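Labels A, B, C and D are assigned to the chains in the order they are written; within every chain, residues are numbered from 1.
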Amino acid sequence: MLRIAVLGVGRIGRMHAENIVAHPRATLAGVFDVYEPSAKEIAEKLDVTRFESAEAVFASPEVDAVLIATSTPTHADLLEKAVAAGKPVLCEKPIDLSLDRVNACATKIAGSSVPIMLGFVRRFDSGHRAVRNAVENGTIGDLHQVVITSRDPGMAPAAYIEMSGGIFRDMTIHDFDMARFILGEEITQVSATGSRLVDPALMEKCDDYDTVTVVLKTASGKQCTIGNSRRAVYGYDQRVEAFGSAGMAISENRTLNHLRLHTEDGTDRAAPLMNFFIDRYADAFAAEISAFVDAVEQGKAPEVGFEDGRQALLLAEAAIRSAAEGRTVNTSEIG
Amino acid sequence: MLRIAVLGVGRIGRMHAENIVAHPRATLAGVFDVYEPSAKEIAEKLDVTRFESAEAVFASPEVDAVLIATSTPTHADLLEKAVAAGKPVLCEKPIDLSLDRVNACATKIAGSSVPIMLGFVRRFDSGHRAVRNAVENGTIGDLHQVVITSRDPGMAPAAYIEMSGGIFRDMTIHDFDMARFILGEEITQVSATGSRLVDPALMEKCDDYDTVTVVLKTASGKQCTIGNSRRAVYGYDQRVEAFGSAGMAISENRTLNHLRLHTEDGTDRAAPLMNFFIDRYADAFAAEISAFVDAVEQGKAPEVGFEDGRQALLLAEAAIRSAAEGRTVNTSEIG
Amino acid sequence: MLRIAVLGVGRIGRMHAENIVAHPRATLAGVFDVYEPSAKEIAEKLDVTRFESAEAVFASPEVDAVLIATSTPTHADLLEKAVAAGKPVLCEKPIDLSLDRVNACATKIAGSSVPIMLGFVRRFDSGHRAVRNAVENGTIGDLHQVVITSRDPGMAPAAYIEMSGGIFRDMTIHDFDMARFILGEEITQVSATGSRLVDPALMEKCDDYDTVTVVLKTASGKQCTIGNSRRAVYGYDQRVEAFGSAGMAISENRTLNHLRLHTEDGTDRAAPLMNFFIDRYADAFAAEISAFVDAVEQGKAPEVGFEDGRQALLLAEAAIRSAAEGRTVNTSEIG
Amino acid sequence: MLRIAVLGVGRIGRMHAENIVAHPRATLAGVFDVYEPSAKEIAEKLDVTRFESAEAVFASPEVDAVLIATSTPTHADLLEKAVAAGKPVLCEKPIDLSLDRVNACATKIAGSSVPIMLGFVRRFDSGHRAVRNAVENGTIGDLHQVVITSRDPGMAPAAYIEMSGGIFRDMTIHDFDMARFILGEEITQVSATGSRLVDPALMEKCDDYDTVTVVLKTASGKQCTIGNSRRAVYGYDQRVEAFGSAGMAISENRTLNHLRLHTEDGTDRAAPLMNFFIDRYADAFAAEISAFVDAVEQGKAPEVGFEDGRQALLLAEAAIRSAAEGRTVNTSEIG
């Protein structure tokens, strides 16, 4: 049994803690949160140790591995400490909002063999993964175009948006990773455009966009389009399409159940889309924990590593520059 | 060019007349209707001869073939006369509401080689036909079960219902023919049940049903279920499912267009179903004319013949008896 | 925490045991199986008590409730003992293959207030339940017709078939319960037909059918059709359609993931159907445990009770008689 | 009856001629083709006049209007002559491959009130039009993003590609017009990228692309993505998605029929896509003729005019420049 401690037990940390409890080959070694009441509540509910500090977690011989789900600005520090302590780590994305900080972190952990996995959970969605498999096993031939549609069900609170680092670093970053996952080849060119259509006043204030389109290209000419919106009233719209010389594979949206309704108002209406990322990707979050446990147990590199986190951020930087300058940015221009 | 005259230019006769005009290898030789104003209007509109009587049509050397779309009680007489005159005939269903009358007609035309085609238009629907093909070419292996769903978009006027001969002879008759078309084997047993749920008062008055379920069985054990309702508020529901040892083929409903709408009210809502049989089966009606022209031109037996019309009526009689007596009726018990 | 012991840890018992372990408000109080090695293996794996006998389970003060997943012939006895011991019980279907035995059991437990829940798991499927809700809350108006399609992905082993009590008692029984669940009104008439198309030799030997169609009717005239096959090569086909005066609700099949594939071989091909009932109804099995825990905790009657188990068996008896005699059987004729 | 003459009776001209014949309020006034055998064949088949020259068509008092379906380089000249002769004209796209020539043509016909309609047939597709309607009538609220997928079923012959003017002027031009149709607001920015993935050697030779992605933006920030490929092995992929503040509308692909097939190879497989533009847009081509007849009869401006043809070409020019220079091009930079 792999004993995993969870650092940060906000919404996402709690969910991870519960998934660790439910996992057949992992146990929850304890929790830590700077906000003590949260940590106490979860520690009691799940009947596990509450650590007094992150340092106590890293020092504990009862902890085999750690999961970092604290606030973004603490990720890089905790990750460095976990590596220093020799604890395999599963770190929520992003590593940091600053590419410089991420590069510094990379330098610091260079040479370490401690397994580091980044929490790009969408890679573990069964539909998106089936698209990747259809690419890898040649079902759709040589890959030509990828289309990623990723629209949130509703705008996050203004306070969150203001601290988010902007849509490219906060939201599109998932799609940059998905693009890399599906393309299977590094991206060399980024062309992005953004608009303020959902909440123009807030976007103006934050110098941010709520609606963006990004086109990516690889050296061999594969193209990938990402379409994002901060608000889709019909629910959390998460689709991935891969088109190739022998066919097309699409990971379609997921609904609450398999009802189809036919009334005077319309024919063949589906149940609502799963509306919340923790519901929509519930299976994927569980599979992510499994993949982490497997990697640590079997001593193999995690499927999503530190460099994947760095590359996604690098693409975000390129997109920001492209949108600002109205030109295609070569990834070689960035960090 | 095959010169076809149309007898009866009500709603369905007009549609046939227009399809004949549009057919590349047929021309409209003229029209006749006992209601003179209708005949005049159509003759003028389509710039063709208006015949003074059905006899004049049968006598005319300018008429190669006839299409009978008059009221049901006149079908058998006109069909006999057409055959006597040596004119190939495409006759709207049913031949007659009385099986005795149909049997008498059969006796009268026995031995004639004049091509007779029955207007079971649904056989010419591309989707239903694709199901039949999937059965015939072995795509779904040996056929085990057929499920036919056939629900009208709205109750016909009371006056029509009262004269219709009852739901089994008027509405299910199409499905009996579809069952025979898909099964490819004669039906030996019929078990039917009916309810009065859409308009109980009218059904009570007519001693009829508006909601029926019929189960058919062949000698080899193939099963077919037919579900009918006189009113589906979401539109004209026309589906055919064939299940076999190697798979399943379903002819799905057709919508007005290929729009899918996603709003707060629901995800992936289709455009409305085609609501009217002349729209829903527009392609099939045109294909039916084509099949008739082909059969006459090439001197081969039409795809749907007199005996098909008789068999469908025979199944309706069996269903009526089954529903009345609460037992499975062998088709050998009927005429 | 409700402490539940599991009797019988074959395939289905193990799955239940794991669901109990995973449930937030239940714990696994221990297991028992007449085949000791199975019980040992599971007890060790899940780190729980292995009881030496069913009696020991019923006598234990550490056991709050029991789940019966033993072989069918032992269900009624164990159920009676559980009730006598005052232990709430969740019993896998069927109570017994003999209606007489079930009736005797009913007499024996009459008057007891011990909660008894029957394992008709499909009632807890989110899609099927959404159909039921669409009926109950009036979304589709007054209910007129129900169509249940239920085809197994493959024929069970001959040894199983021979002991199964026949397709109506073994397989259709789930659909009888589903029919009652959706109809919301007792069934008064049963008309059934069976064929031997999948494995005629085995069916001949067992005097059984592998392909059946059953039509049910309520006093008010609602109709329900059930179509069963022992083998659908494309997977486990589980659909429920409810048609009413204001619309239609369909619970569609579930696939392994949400991939749609488009190749030269075909357009818009879905991922395979979930093929195994434990996978297909995994969510439903978990929800069933939850409903049991809720009922016991809150002292309310379980959603599926003993009488539901008896009614489903009664409908199976009626279907057997109907198929044998070629007539509609009134449920009042049966026990 | 509007008497329309067809200039150019290649594949598309013939189809138009047949649609005119079938139209209830139009007649085919005759045909002309520089390749005399073609003209003779069609004139005989459809039993109409064969004109000796385009000039004879324009001079004929028996011709009310003309349809230009000749080779692209002749379009502008014939269009100018038609306008000079006062004949309403339906001209196949593009007006010319050269924006200068189109601008010169615009100058020449300026001030004329002769109706000119451009053959952007996709505007008349029922599904695409339903998307436009969902935008116009507010069903999906304020428009934010449009996604147009347009992939040909197979690469055109090399000889055609070499003369086509390149993918942006030849293929994407349809999508530029569709973008303008759906957006309902002029496009101000164009960002395009192209790859050589389907037939790199031919593309190299022609300095062309076979796989392109274009992002368009309006002054108010609406975004539109176009994805093109010269070859989709699964058929002619034609989808239009509009996303807005209140929902999303998608015009989905059309299949040969409504069959869904379920076998061991896959579940819920659709019939093949309509593979050929004349089949896929058959209804739209007929509706286009209807719209032309309506416009001329009612003296109103055609739904798609000369300026629409010019704007689409202008966007193609902007896309060419954008792909070449790796930057967003403002449409104000072009013509």
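As a convention for this text, a residue touches a chain if its C-beta (ideal position, glycine included) is under 8 Å from a C-beta of that chain, and two chains touch if they have at least 3 such contacts.
All values derive from a computational prediction rather than experimental measurement.
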| item | value |
| --- | --- |
| Partner chains shared by subunit A and subunit D (touch criterion as defined above) | B, C |
| Pair from C-D, B-C or B-D with over half of its contact pairs in common with A-D | B-C |
| Per Cα centroids, the chain farthest from subunit C | D |
| Chain pair with more C-beta contacts, A-B versus A-C | A-C |
| Chain centre separation (subunit A, subunit C; CA means) in Å | 40 |
| Distance between the centres, which are taken as Cα means, of subunit B and subunit A, whole angstrom | 57 |
| Where subunit A touches two or more other chains, by residue | 233-234, 246-248, 253, 261-264, 271 |
| Parts of subunit B lying in touch with subunit A, wherever the complex brings them together | 233-235, 253, 255, 261-273 |
| Complex interface listing, subunit A residues touching subunit C | 22, 126-127, 129-131, 134, 139-140, 246-254, 256-264, 271 |
| Partner subunit B, residues of subunit C touching it in the complex | 141-142, 144-145, 147, 149, 151, 189, 191, 193, 195-198, 211-213, 215, 217, 221-223, 225, 227, 229, 231-234, 237, 243, 245-248, 326-328 |
